[in-house]
Amino acid sequence: MRESRAFDLSSPRAAWRDLSLQAAAWFAAAIVAGMFLWLLFDLLWHGAARVDWTFLTTTPKSSGRSGGIAPILASTLLILFVAIAVAAPLGLATAVLLSEYTRREGRLGQMIGLSLDVLAGVPSIVVGLFGNAFFCVWLGLGFSILAGGLTLACMILPILIRTTESGLRQVPDEWRLSAEALGMSRATILIHVLIPVAAPALIAGLMLGIGRAMAETAALVFTSGYVDRMPASFLDSGRAISVHIYDLTMNVAGGDKNAYASALVLIALLIIINGIAVALADRALTRRVSAA
Amino acid sequence: MLRLLALTVCGGFLFGMSLTANAAEKIVITGSSTVAPLVAEIGKRFEEQNPDVRIDVQTGGSSRGINDARSGLANIGMASRSLKDEEKDLKGTAIARDGIGIILNAANMVRSLTDQQIVDIFLGKITDWSAVGGKAGPITVVNKADGRSTLELFLNHFKLKASDIKAQVIIGDNQQGIKTVAGNPNAIGYVSVGTAEFEAGQGTSVKLLSMNGIPATVENIQNGSFPLARPLTLVTKDEPSGVVRAFIDFAQSAAVHDLVKEQFFVPVLP
Amino acid sequence: MSPCSRDARLFWILSASALIASGLLLLILVFLAKESWPVIQNAGLSKFMRSDGWYPTEGAYGLLPMLAASMAMSALAIIIAAPLGVASALFCRFYAPPLISRMYRWAIILLAGIPSVVLGLWGLTVIVPLILAVSPPGTSLLAGSIILALMILPTVALTTEAALAAVPMTYWQGAAALGLSKEATILRVALPATAASIYAGILLAVARALGETMAVLMVSGNVVQLPSSLFDPVRTLTANIALEMAYATGDHRASLFVSGLVLTALVLALAAGARRSGGQIVHA
Amino acid sequence: MTKSTGSEPGQNKPAPATPFTVSPIVAGPTCCVPECQIRIEDLAVSYKGVPAFKDVTLDIYRGCITAFIGPSGCGKTSLLSSINRLTDMIAGCSVEGLISIDGQNVRDPTLDVRALRRRVGMIFQKPNPFPLSIRRNLEMPLREHGLTNRAELDSRIEKALKDVGLWPEIHGRLDAPALALSGGQQQRLCIARALVLEPAVLLMDEPCSALDPLSSGVVEDLIESLRGRYTVVIVTHNLAQARRIANYAAFFWVKERAGTLIEFDFCRQLFEAPKHELTAAYVNGQRG
């Protein structure tokens, strides 16, 4: 919406206010970017030297002080896969129900919405303890990647539902009306029109969720566990990268260097996943409305 | 698109299920986060020598280890202390020793403190370093969180009650203590001796204080002269047998002494 | 398959999903209640709503200071993060050149994905010494708030940005036709039009701030006391759980679950309150 | 639910079970034999208790173009949407009175709404093709109603596009995104999307008002060409347009805060010799 640049600044007073708002925006951005870069450089300073191909492809040695993080990367990705495979369909379906079948002021919508807001605020460590009691013990999954992924799914579900729902609500009603006027089923219009149009919002939610899932420590210690062996199945225990980082910084003397390096790998992983997601969303969008 | 997702999920689960069929003999060990890195390393070496055994180590604290061992959730529990009287129904085996030492920031001029001075500092009766011969500055007392074995040991040694301590910072794990003291020139705390020695050697800004004139070194823990020491214990419900027995024996043997030292603990000599 | 039965089936699938999703919360609540029941039964809830000390091993369960600390820290964090987040979104959307805007968005998304442990570590080694130089011990309410603010800022920024992107073109055209300045268009047209979404984003952020554990544990000092200044070390409800859960048994463990229950109740109250006032914003 | 599988309604085949199977068009191209197809009696629509219009009674004749004219807010669009029951979608909207198409009560709760909407197409004010390719836009409704044969699909799509005159312009790029078309093309595509289902009735809600004069002219010609083959009901604010294309015209006005029908007659009659003074004032540009 950069067209708004063309706005005419008629009075000097308005011009001055324009300028101050602009300055405020730049100032805020500078603070945030500054903090972020500071953090990033701190990580690079401490960890960049350690990150190389060997680090990514070997197993940890001496409790992670030396060696690489291959099994930890594998476990992390598997946990992430389970979490998304479970949360994405469930979240999408719930979001569709909320946006297409319930009114915003309706009772049902309010109830589900409220419970989701609360679910979003339950401390991750409590979710972790719940996951341990429910998935690991009650369902008998034990300390496993599956249990960890399911627990994470509980955590990212609210974020996913909320963003997808708002994306769906922003799709103009015209398409719903015309589909209805053509006597088409809601399923068709959902699958072929609404969901693709809301895909960018869905992907944005997914990205937020993935970010949060990858960063999660507390919940995973109790569910996917501490074992740093290369996982052979979804029922194996596997140490997630953030658990590894926590252990290295807080529990293993001399583990800081590898902790910083692991954090860098984690950030790189996020950049890659985010890049793929953005590319997918862009492609989906341009294919539908190119040249419009 | 949805159907594809559903299929992937199902496929993934099936994949997971099918691969668990090859389960070897598995030992589950849970408990103290202090002991966990050591036992995990010992486990790896044990697995190398016994390819049909798998050892899964999980953390969660000493109490957890003891509970899990008692309830049977774990084959072995890990505790960073000796068994309490009410836990004597269990079987405990020490695999290493760890000392607790008082640390100060390296910039602190104070060289030694008497037991009474330490007690007064932790009780908040002495609040400035000038009172114990240091450069004037408010003392930052770094204490461990309630329930931690290190805290219990410290309290027992100095005959203190948890609620009497006036702390400015409360920490969880060992390294947090070291990092906190290293970042604050006026801090005092207590951590595992081995790791503090290692960190000080690495140039981290901490130093260990002598206790009752006995320097806090790994050596003095080994020979038993350092007063604040604790055993790292493997706990089983009954007298261990089979693979569990083999593992506990292995963990006590000289074959793992290098691993114990690598984790900055002190091997127990038979 | 006829469209009608297909729709009916779709509806059932959707309902089932929504049921599972909200059922999860119920399950978590039931779990929390079940775990904390023994100590509530033994000691009574009133014993928790006091500030005379938290020594669960000695039977003192005063949660009030931690409740206050949790609320104060989250409030401070959102006071820092909300203006920065909204301004960030405005920056991205209206002021930054395209390339910078893109990069800045990436930075924000990455910030959202930085593990709280890493933020905590950075806070402990960088922010805490800075605060220490002003007033010891450095690990404090302020340090926790700053780290929390960094952590929740992306949530505010990204939801605001998404909401701004959805403001219909006609609004801009209408404002332009009225000869409104850019500043007036943003402040009087765009932001009010997106107020509900921004509000929702802030709510989500506060909920996250209340629930954050690891980073807070590392930088805020964890002393159980009612904070009297920004530089006081405090312990939040979440840090309390994380610090002691692994070592707690019996009533001590149950009392930690009460911490969780209190926190969840806090979030519930917040969400319900916001919903009520948020509804008004939507209708206004 | 009744869903004829093999035979597509509109083909010359007796199918008494399907309520909306109409006999082949009897009305000639000049609409000389007025035969009532849609009957509206004492119809009233209100939103959350606030009436949009009431007391509307009129007949709409098969194969003819009927224009609804009148100022904004007099219920024309609401009346239009109640014919294909799009009013069902609006929360708090209640309809009273009678609408029947070919003798079938539209407001019958047991009625298959999908079948109804298939026989009654609707065009909206703003062109609203789906954000898909041109082909998918036309294909989706057909598939939705059970047609899957590739050749049949293609021939129907081609026929619909030819009917709206888009075929020469876009036949080479059927897989281009529909939203890349111009506004006028988009609206014609929307009409094609309605025609592809071979409806009996077309409801048009100001179909030209969002278009430039040139495109508007093209669409207007198109609507005129539909006369005789379809029953067209068009809401328009363009009186000249109504005059040009409509056979019948209905004039609405707001009375006592609710829209109502003032006059209904042959188009020429209504414009040249209105019976009601309000009508006269409106069509002469003195009111409204």
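For clarity, chains are labelled A, B, C and D in written order, and residue numbers in each chain start from 1.
Assume contacts are C-beta pairs under 8 Å (C-beta built on N, C-alpha and C of every residue); 3 or more make two chains touch, one makes a residue touch a chain.
These numbers were taken from a predicted model, which means no experiment stands behind them.
Chain A has the C-alpha centroid lying closest to the overall centroid of all protein C-alpha atoms shown. Between A-B and A-C, more C-beta contact pairs join the chains of A-C. Note: centroid distance subunit A to subunit B, computed from Cα atoms, is 34 Å.
We define each chain's centre as the mean of its Cα atoms; on that basis subunit B and subunit D are separated by 79 Å.
Averaged Cα coordinates give subunit C a centre that lies 51 Å from the centre of subunit D. Mean C-alpha position of subunit A lies 15 Å from that of subunit C.
Contact of a single residue of subunit A with at least two other chains is seen at positions 89, 184-185, 188, 249-250.
For subunit C, the set of residues touching two or more other chains reads 3-4, 125, 218, 242, 245. Of all residues in subunit D, those that touch two or more other chains are 114, 144. Contact residues of subunit A toward subunit D in the complex are 103, 172, 174-185, 188, 192-193, 196-197, 287-292. Against subunit A, in their complex, subunit B makes its touches with residues 1-2, 5-6, 8-9, 12-13, 15-20, 22, 28, 33-34, 36-38, 40-41, 44, 54, 56-60, 73, 172-176, 178-179, 194-195, 198-199, 202, 262-264. Across the interface of their complex, subunit C is touched by residues 33, 59-64, 67, 138, 140, 145-149, 161-163, 167-172, 176, 179-180, 183-184, 186-187 of subunit B.
By the touch criterion given at the top, residues 62-64, 81-82, 85-86, 88-89, 92, 137, 143, 145-146, 191, 195, 221-222, 225-229, 232-235, 237, 247, 249-255 of subunit A touch subunit B in their complex. Within the complex formed with subunit C, the residues of subunit A that make contact are 1-10, 14-15, 17-18, 20-22, 24-29, 31-33, 35-39, 42-43, 89-91, 93-94, 96-98, 101, 104-105, 110-127, 129-130, 133-134, 154, 157, 159, 161-163, 166-167, 170, 184-188, 190, 201, 204, 207-208, 210-212, 214-218, 241-242, 245-246, 249-250, 259, 263, 266-267, 270-271, 274.
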